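Below: a set of structures, written as structure tokens.
After this come two complexes, each holding chain A, first together with chain B and then together with chain C.
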Partner chain A sequence: MIELDSVYGAFTLLSSDGNAWLYLLPGLLIGLVFGAMPGISITMAMAFALPATLYMDFLPAIIFLTAIYTGAGFGGSVPAVLMGIPGTSSAVATTFDGYPMARKGLHSEALGIALASSVIGCLASYAMLFVLIVPISGVVLKLGPLEMFAVAVWGMLLLGSLAGAHISRGILAGTFGVLLGTIGMNTAGFVRGTVGIPWLLDGVPQIPAMMGLLAASQLIGLINTTYLIEDESSRKISFAKILGGVRQCFRYPTIIFRGSLIGVIIGAIPGVGSSISNLLSYSETKRNAPDGDTFGEGNPKGVIAAEAANSSSEGGAMATMLALGIPGGGATAILLAAFAMHNIVGGPSFIAHNKDIVYAIMFSNFAQAILLFFVGLGFVYVAGYVVRVPLRFLIPSVLVVSTFGAYAIEGSSAGPITLWVFSVLGWGMVRYGYPVAAAVVGLLLGGLLEGNLLRTNQISGGDFIGYGLERPWALVIFALMIGSILLQIVSKRRRAKEAFLSTGSSS
Partner chain B sequence: MSKTLTRRTILKVASGGLAASFAMPAILRAQGAYPDRPINIVVPFDTGGYNDRLARAFAPFLQEKLGQPLTIINRGGAGALLGHTFFLQQPDDGYTLLCTSAAPYLPLNILTQDAAFKLEDFYMVNLPSQDYTLMATSAGSDIQTVDDVISRLKADPGSLSVGLQPASADLVNFSILCAANEIDTNAVRVVTYDGGGPARNAVAGGVVDVGLVGGEGFLPLAEQIRPLMTFDTRKRDNWDGAIVTDVLGADADFVVGSQRGWGLHGSMQTSNPEVFQTLVSAIEAASKDPAAIEGLKNQQLATDWYGPEESNQMLARTAKVMEQYIDLLKGN
Partner chain C sequence: MSNRSGRTVVWGHLILLTVIVGVVVAYLLDARGVSLRTNNLLLVQPAAILALVLAAFILPSIFPRVEATEEVETKEEVETKVETRGDLFRIFILIAALAGLAFSLEVVGFDVATFAFMVIGLAVCGEKRWWVIILFSALFTVFLIYGYGTITPFPFPLTIL
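Up next is the complex of A and B:
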């Protein structure tokens, strides 16, 4: 599967144009800064940079854009950890444990863990891409609505984990989120719940709604606190602790590997991508961890799971784009546009005729991941100073920046309006003990769930079981899902028994 | 303390910069010879689609003719309704142009979405891109020709699943084909997709048995599909398979696909006739510029010059046919 001639060609290509490497650092920095701004998505960061690449050669242009992609993928995690605001929708699961860690004064460790898992996840995904690009592309297009529905259901299992003390409230919040996710015109052309507001035809704007639910509700709840971290002595930014977090990450190779695998596979499916993969990886890790109950209270494993998956989705999305010429999401659509600007058309013929370029892109991404580690270290060190800002300055500033971000992403006042409506909603949910995160997951998955269930109904003519039996991949996904739940029940029983035995013997 | 000040300063500068960039157009309202400030192009779709690519690729050439920089504004959403409304809300002073899929979206907005505008509010200078419906199946499918599709659907309308977009020209064309062959459209397993891309992926992957989607978008997937029928009176993009007149006769009824290109405010003809003329000539000159033709062709984008008269007629004709099928387009 690896062709040495092309690999050699790739090295020649990369070493021939030294200028190409000059764009690596600015690309990463632009990505980090834009990704860290709440509301600025990876796609927007890349779209801003796209016109500049017109004046570059093909290879530098692609290296520049993919560097932004890599940088922005991690940048979104920085505010997720420090303030509980996911900078991009792919960092939602990072907030679940990263933010509690930061509140406990473990912000340096959390950022170190996030950075290291992102870098390893990114490296792992491109390494997998190296061997998987051809088989992945063969499978991806064959995934039908039932398979996508199965993936969405798998994501919904996370609701059980997010529910907290009252499982019924978790399910209620999740259902509410799904209902919100179905607002607008559905895939068959029906319009629901828009109450006559034209911009709701495309559904509730997801990113402003998510920012409102997760972030503003948290910040409003903090109004009587003076600093993010109560304990003054913990409010230090320590390089040693960041590096400690990096080391901590290496203790959980299984979590990283699982996260990367989920990330590559989910990332490769067009229209799903990193915003779903981080949720899936988090929920799988929580289910399989012996200390699963402490997830959500600042367990580093949660951060590792989320970050490994969202950064490795980049590799999966690139596989689909390179092998099929199909953009899996906004970011790869921009990359394809950049290809087109240089008169290169992606797709099967591209990969067959330009293996050296494909490998060159992969190798430059290895370099990006490694460089991201060093640039990221500096970036999180500086960003960490946020914890020293008194909340009376921080809360209004963040709300203002979020409002700008919400405007920027929607291009109209629909963004800020959504942000504020959902902030109030989120605050109310927190106040009355409903898990906000469950509503966010429902909102993110609602459209996917509904659209694919509807298409499954259309395609099968109503005969779900008969159609399901013809779809081996859907059966595999459902089997994996059920297996994972059973495994959890078995291991929980075993642990309970062990705990019972040990307490029994000691007393 | 100095650290918090630094952060605040940074925030202030950042927000100030943002505010300034939003306020810019209002400040630059001074009048002079047209054009004396940058011109906006409204694209009522998100980045990366055909119109966005067309606008971005054509802008450098048009900019050269007009002597002012062009800025592209993406206003996607609600089937272009939001972008079209936004465009009409801008003054008709020639500082806002439109690049859109005039058909089918303008008629759809008007017929099915109760848009607050009429077709005449828009003036199409040129619609170079004339898309068409292509019926295709996956390259590995056992369906070889459009006759296979028709005979199977005739025998059992539920035997094939058909992927398409709701409220589209493709749906209208499929219904015409079914009606001509006495196939009950309601009994066919029609699978609806949210966009042309997902529908084409489903065709290429064999998820649906056949699909009817805009043909130009199929070009990158050419190796993974088998074209069955082009809904046009001539062969397009060298696709194999039948053309509509082979199947439905010489006077075949069908709807053309997306007609994309450049539009202005209809009211400009009377309110700002000189500016209007300047813009029409500039778009014509840029469309005929050999460098532009070459550049856009390489990106599989169209620059053919049909002119305002023909463009507006084509759009009106499409709108009329679509009106006949309003029930289908309104859908469920």
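Up next is the complex of A and C:
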């Protein structure tokens, strides 16, 4: 699986071209800063830097862009932890426990945990990619709409774990989100629910809706609070505590490994990627954790699961892009554009003839992940000061920045208007015990669910079971899903039995 | 909350559920009006019906019995930290100001709309010093227009700056 000649060639390439290393640090910094701004997506940051790569050599250009990719991937987690704003869809699950940790005064620890999980996740994903790039690309080609549907259904199972105290309100919020996610023109060409608004043809703008539901709604509710962290002594930014968070992360190798594996596999599927992998990893970790009930209240395991998965998705997406020439999302599409700018066509022929360059890209990503740790430490230390800003300044400022970000994504008032509508809806939902996170998951997965269900229906002629039996990978995914649920039931019973026995023996 | 003939009404929750149900019903009717083919309703119709059934299950909790009111109030307090009327009024002003910002950005220009929102936002969120409100709003507006403006691919329509 590993060709040693190509590995040697990669080392030669990287050691002979000093330029390649020069762009690592600026790339990471640009990525971190852009990624941390609400509304500036990874794709936007890379698109912004793309013209600058035109006059670079091929390898430095790709390393520069992948450094931005890596930096922005983690940058999005900083506002997710500090303010509950998921700058990108891949940081949604980070808000579930990262933000509650920050509100409790554990912001330094949460940022340290997020950074370490991201770095380890990224390293793990490229290590897996190094060994598995060829088999992964083979599997990706075998995945059809039924498999994608199965993955989306797996993501939807998260709704159960996000439901909170009122199960019916949680499922209603999720179902409502799914319905909103299907607004616009579906893949069969039917236009529904647009109420005559042209921009709704493409569906509800997801990022502004997410920012409104998760962040703006919370900020509006904080109007009577003076600081994000009420206790003054907890507002300090502590380097030691950030490092403490980093150390804490190493206590949960299983969560990181599971998150990284989910990230690589889901990240490799075109069109799915990190927006689902972080949710799936979160829900699987919650399902398996003995203290699963405390997820959503500031459990560090939730942050580790989400961050390990979203950062490792980068490796998976790169596998599909490098091996097949298929861009899984906006970021890899920009990388393919950079390939084209240098007259190189990605895909099977590229990987067959240029394995040394592919390995060089992977090795540089190892270096990026390690460098991200040190640059990220400084970045989160500075960013952490946001908790010391009084909310009377922070609330209107963040609302305006979110509005600008929403405009920047859509290029019209569609973004800000969506942000406002979902802020009000989210505020109402939070007020009456409806989990907004469930609505966000539904919104993200609604279009994916419907599109792949429709394609499956069209291909199978309505015979879902007969068609499903012919699709081994779909069966594997469904079997894994059922297996994970059964395991959860078994472990829950075992824990309950152990708790009963320990209570019995102590009394 | 009102109290009449042994039951109370949680008005805010009633409005929220009415909005959700209204949107679901309108969407379902619109989708059915477009086409009754499977490719149109495969996911939308079952999901909409599920949402309506769930809403029916939730409905009784909006009209709790009087004896259960205290318990409900305690639950809602835990969830929402009940605000005073004054607090709610401030929240509604902030929501209205955000609506003004979202709808007027392209009409009056990003600079004017942002400055106006910041002034209202700061005042509503509790800043008392008028000079701080004006100065911070002006500086933040300039910083944002030129800072964010340089990195976003779309030009912001401006009136003054």
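Here is the rule we use: the second predicted complex is superposed on the first by the 507 of 507 C-alpha atoms of A that agree within 3 Å, B and C clash if a C-alpha of one lies under 4 Å from a C-alpha of the other, contacts with A are read in each partner's own complex, and residues count from 1 in each chain.
Methods note: a residue touches a chain if its C-beta (ideal position, glycine included) is under 8 Å from a C-beta of that chain, and two chains touch if they have at least 3 such contacts.
Because the structure is a prediction, the values reported are computed rather than measured.
K.L.:
Once chain A of both complexes is superposed, is A:Phe190 in touch with chain B (first), chain C (second), both, or neither?
P.N.:
After superposition on chain A, A:Phe190 lies in contact with both partners, chain B and chain C.
K.L.:
Kindly classify A:Pro135 by the partners it touches after superposition: chain B alone (first), chain C alone (second), both, or neither?
P.N.:
Neither: A:Pro135 stays clear of chain B and chain C.
K.L.:
Let me test your reading of the model: by the given contact rule, A:Gly411 touches which partner, first (chain B), second (chain C), both or neither?
P.N.:
It touches chain B and chain C both.
K.L.:
Using the superposition on chain A described above, determine whether A:Pro472 touches chain B (first), chain C (second), both, or neither.
P.N.:
neither
K.L.:
Which partner chains sit in contact with A:Leu419 here, chain B, chain C, both or neither? Use first/second/both/neither.
P.N.:
After superposition on chain A, A:Leu419 lies in contact with chain C alone.
K.L.:
Going by the contact rule set out at the top, does A:Ile395 touch chain B (first), chain C (second), both, or neither?
P.N.:
second
K.L.:
Which partner does A:Tyr432 contact after superposing on A: first (chain B), second (chain C), both, neither?
P.N.:
A:Tyr432: touches chain C, not chain B.
K.L.:
Of the partners chain B and chain C, which touch A:Gly378 in the superposed model: first, second, both, neither?
P.N.:
So A:Gly378 meets neither chain B nor chain C here.
K.L.:
Between chain B (first) and chain C (second), which does A:Val178 come into contact with in this model arrangement: first, second, both, or neither?
P.N.:
Only chain C is touched by A:Val178; chain B is not.
K.L.:
Both chain B and chain C contact which residues of chain A?
P.N.:
Residues 47, 188, 190, 393, 397, 400-401, 404, 408, 411-412, 454, 458, which sit in both footprints.
K.L.:
Any idea which chain B residues touch chain A in the complex?
P.N.:
3-4, 7-8, 11, 14-15, 18, 46-48, 53, 56-57, 73-79, 81-82, 85, 158, 161, 166-167, 189-194, 197-198, 201-202, 204-208, 220-221, 223-224, 298-300, 331-332
K.L.:
What does chain A use to touch chain C in their complex?
P.N.:
Touching chain C from chain A are residues 34, 37, 40, 44, 47-48, 166, 168-169, 171-172, 175-176, 178-180, 182-183, 186, 188, 190-193, 195, 216, 220-221, 223-224, 226, 391-393, 395-397, 399-401, 403-405, 407-408, 411-413, 416-417, 419-420, 423-425, 427-434, 446, 449-450, 453-454, 457-458, 462.
K.L.:
Quick one: which bits of chain A touch chain B in the complex? Just the residue numbers, please.
P.N.:
Answer in residue numbers: 43, 47, 51, 140-145, 185, 187-190, 198-199, 201-202, 270-271, 324-327, 330, 333-334, 336-337, 340-341, 343, 345-349, 385-386, 388-390, 393, 397, 400-401, 404, 408, 411-412, 451, 454-455, 458-461.
K.L.:
Considering only the defined contacts, which chain C positions touch chain A in the complex?
P.N.:
10, 12-13, 15-16, 19-20, 23-24, 26-27, 30-31, 34-35, 37-40, 42-44, 47-48, 50-51, 54-55, 57-58, 61, 75-76, 79-81, 83, 87, 90-91, 94-95, 98-99, 101-103, 105-106, 110, 114, 117-118, 120-122, 124-127, 136, 140, 144, 148, 151-154, 156
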